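Each chain carries a letter (A, B, C and D) given by its place in the written order, and its residues are counted from 1.
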Amino acid sequence: MSHDHDHHHGSELSAMQLRTRALQTILVEKGYIEQAAIDELIETYEKKIGPRNGAQVVAKAWSDAKFRQWLLADGTAAIASLGFGGRSANHLVALENTPAVHNMVVCTLCSCYPWAVLGLPPLWYKSAPYRSRTVADPRGVLREFGVELPKDTEIRVWDSTAELRYLVIPMRPAGTEGWSEERLAELVTRDSMIGTGLPKSPRDVQ
Amino acid sequence: MTELHEHHHDHSELSETQLRVRALETVLTEKGYVDPAALDLLIETYEKKVGPRNGARVVARSWVDPDYRARLFKDATPAIAELGYAGRQGEHIVALENTPKLHNMVVCTLCSCYPWPVLGLPPVWYKSAPYRSRAVADPRAVLKDFGVTLPPDTQIRVWDSTSEIRYLVVPMRPAGTEGWSEERLASLVTRDSMIGTGLPKSPRDVK
Amino acid sequence: MNGAADMGGMHGYGPVVREENEPVFHADWEGVSFALNMATGVAKLWNLDAFRFQRESIPPPEYTNLSYYGLWTRTLELMMLKYGVATPEELAAGHATSRPKKTPRPVTAADVAEMVRCGSPYERPAPAPARFKVGDKVRAKNMHPKTHTRLPRYARGRAGEVVRIVGCHVFPDSHASNLGEDPHWLYTVRFDGRELWGADSDPSVRVCIEAWEPYLEPLR
Amino acid sequence: MNGPQDLGGMDGFGPVMPEPDEPVFHAQWEKRAFALTLAMGMPGGWNIDQSRFARENRSPAEYWTMSYYQIWFAALEAMLKERGLVADDEIAAGHALRPPKPVSRVLSPADVLKVLHRGGPTERETNTKPLFQPGDRVRAKIINPPTHTRLPRYVRGHLGVVDRVIGFHVFPDSNATGAGENPQWLYTVTFSGRELWGSEGDATTQVSVDAWEPYLEPAAPL
């Protein structure tokens, strides 16, 4: 199908740059926001909070049975014990993948995502293709991520319609017996905690 | 809402399309797939000859001739063909009778189906997203966009043209037109009154 | 509202396109757009549900053609106009030409750090006991409000099962229209894929949504 | 497909804006795009359901910003290219760069009025009997095919009443994919506004759609 209808995203970008700067100037000039607050927010979500947080949670769940139980029973409290929580994870639910059930998270209505453990969502998570298709054809979407699951595995899609945020706990890869939490965390990819991917195999790291 | 909306599709896009249409026409003509004279005739037909005047004649006839009216509501396609209107996008026509209790309105939510032989080509609003999205869900509000307010207890039936059946609304004959000729009556029948988004003109409106 | 934001089950958007090593922001202004939206939230100029309602009210042709943070900036402009934070002239000039009636206490870096740490919990004391329990069969109501709702179109009218009682939460349908927090019980409801997408669809699919009590009726 | 064409019940598109004294066409190119589409139907060999699918099968972002005849024209181009009748480089050059493929027929000026008058009736002969009769209660099935269908999303899963048995007609869901005409019984089915839009809906509104038998399942009488 031809797509001749070019949307000149280049010109949108420079126009948006100007418009966004205008809003910033006005809000700072009127005294609603201090410039330092803006810088702090960008710094926090660009540098400090990201999927490494979630990987730590998953690795701990893999190696500490008690923590795992707590995480599945009360995700918010369990991640708080590791120092994660707050914005976009005030109500965190951990979803356990098993050989019988594979969980996948989407927000069809906007872009809800557990920032505190995964950082800000990637573009594809916020895009129309992912939002439109995941609830109706999760296997088709998984295929685009190179993930093929057994036919009889139940695929459970969680559409984040409220302020609950979901973190998928993937299955611990085989061949990682005796690994440290830190080493296990290296196997945990962002996509495996959304449900569009699987953890790395031990062969992939070192 | 839109004073800051810079993401506009400016006129350069139109001229781009214009060039592309011309290019395609040239290629198709050079290959012998189309004859430009046939294109001219198609355009002339729908721009000049086929239009809502056809439908107005059908409606006016149904207002003066009870036998014709009965035939029209029984099977509209042959009844309309009696007046010489038939063919493309009017292969299967159904006439819908407005009464004091029931008002009919036609839409095509999925594309732009419209009874060409009696109404010509549809106006832009009929094909637009606002009409297609709202006519089935909130017909009274849409009627308000057209300045039409119906009594609150009038039933509104919306016909979504999902198949090759095409619908023609037959509005109610305005009061005060007793003894009028068919031709004079036809001058009261507006296009919108045959879609159901309007009412016929009142006798006062035409001299 | 049945706006462009309600995308679940739509076709035509094409495949999911991933970007290798995607940066958090693709341009400086995206980071600023993000930060301004967070900070205006902290300043309590409006609530999150009202912001979402404004964003999904953007006409579908525009909504679907804006980039993600372009949509945020556009929504922020509209909210600033609607809530009297800026005038059209100010937005066009890119500068403040008037002062707020009441001098605001500006959002500081410390406020932001506090917000990141604490977030904004949505759970509230329950005004009444929960109507449904885990295992109850329910039907999502067939409702089409013109205002904000978090019940996706694809679930409306469909039967599911309550799998979790989440708690009593701020009700977005009221909150977005500035009718107060109006807390209601919130449930996780699970639907069989075939109930949502038809008998021919993949039998191994289940879809869970969160649904507030007013979205649900007992299955008869 | 649940594409951008399936607009019934969507919000956010704003008010209907009738244009006073609207011309039939708004630009010269619209006339040509219209006439080319009609004229190419014959040599192109596609059916109306395939044209409709070619129009709706595009991104909502694109569909919702294109004008009506832009959509027609884009679909015409897509169908011509799909059948190898025209290639991109030829449109770019504005000239034929390859000899034509043989086509069944070309529309001559002498045939135009005849062809228009004949149209393309979709009713077919049958000796089967319709499953439903006027007055029967039916439910529109929940289907979500990724290909062309004429059952709008807003009626799926809802209860209606058969108003009229229209006849035995070409089934667009098959015809659009080139799977043949596969004709089926066609009915007018009427739904109450409240059934479709909820208990808050206008009690005086009814909506009728034309639905082929495979779209419907029997529902218990009241």
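Here is the rule we go by: a residue touches a chain if its C-beta (ideal position, glycine included) is under 8 Å from a C-beta of that chain, and two chains touch if they have at least 3 such contacts.
Just so you know, these numbers come straight off a predicted model, no measurement behind them.
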item: C-D or A-C, whichever has more C-beta pairs in contact; value: A-C
item: Farthest-lying chain, centroid of Cα atoms versus that of chain B; value: A
item: Computed distance of Cα centres, chain C from chain B, in Å; value: 40
item: Gap in Å, rounded to a whole number, between the CA centres of chain B and chain A; value: 51
item: Separation of mean Cα positions, chain D and chain C [Å, integer]; value: 34
item: Distance between chain centroids, defined by C-alpha means - chain A, chain C (Å); value: 17
item: Residue list for chain A, restricted to those that touch at least two other chains; value: 4, 7, 12, 19, 128, 136
item: Junction residues of chain D - those touching two or more other chains; value: 9-11, 13-14, 56-61, 64-65, 77, 144, 196-197, 201
item: Residue numbers of chain C (touch at least two other chains); value: 9-11, 13-14, 56, 60-61, 64-66, 77, 91, 144, 196-197, 201
item: Complex contacts: residues of chain B adjacent to chain D; value: 9, 14, 17-18, 20-28, 30-35, 37-43, 45-47, 51, 86-92, 109-112, 120-121, 123-125, 127-134, 136-140, 142, 145-146, 152-165, 192, 197
item: Residue ranges of chain A in contact with chain C within the complex; value: 7, 9, 12-13, 16-27, 29-34, 36-42, 44-46, 49-50, 85-91, 108-111, 116, 119-120, 122-124, 126-133, 135-139, 141, 144-145, 151-164
item: Touching residues on chain A, where the partner in the complex is chain D; value: 1-5, 7, 128, 136
item: In the complex, chain D residues that touch chain A; value: 57-62, 65-66, 74, 77-78, 81, 88, 144
item: Partner chain D, residues of chain C touching it in the complex; value: 1-4, 9-14, 56-61, 63-65, 141-146, 153, 157-158, 195-201
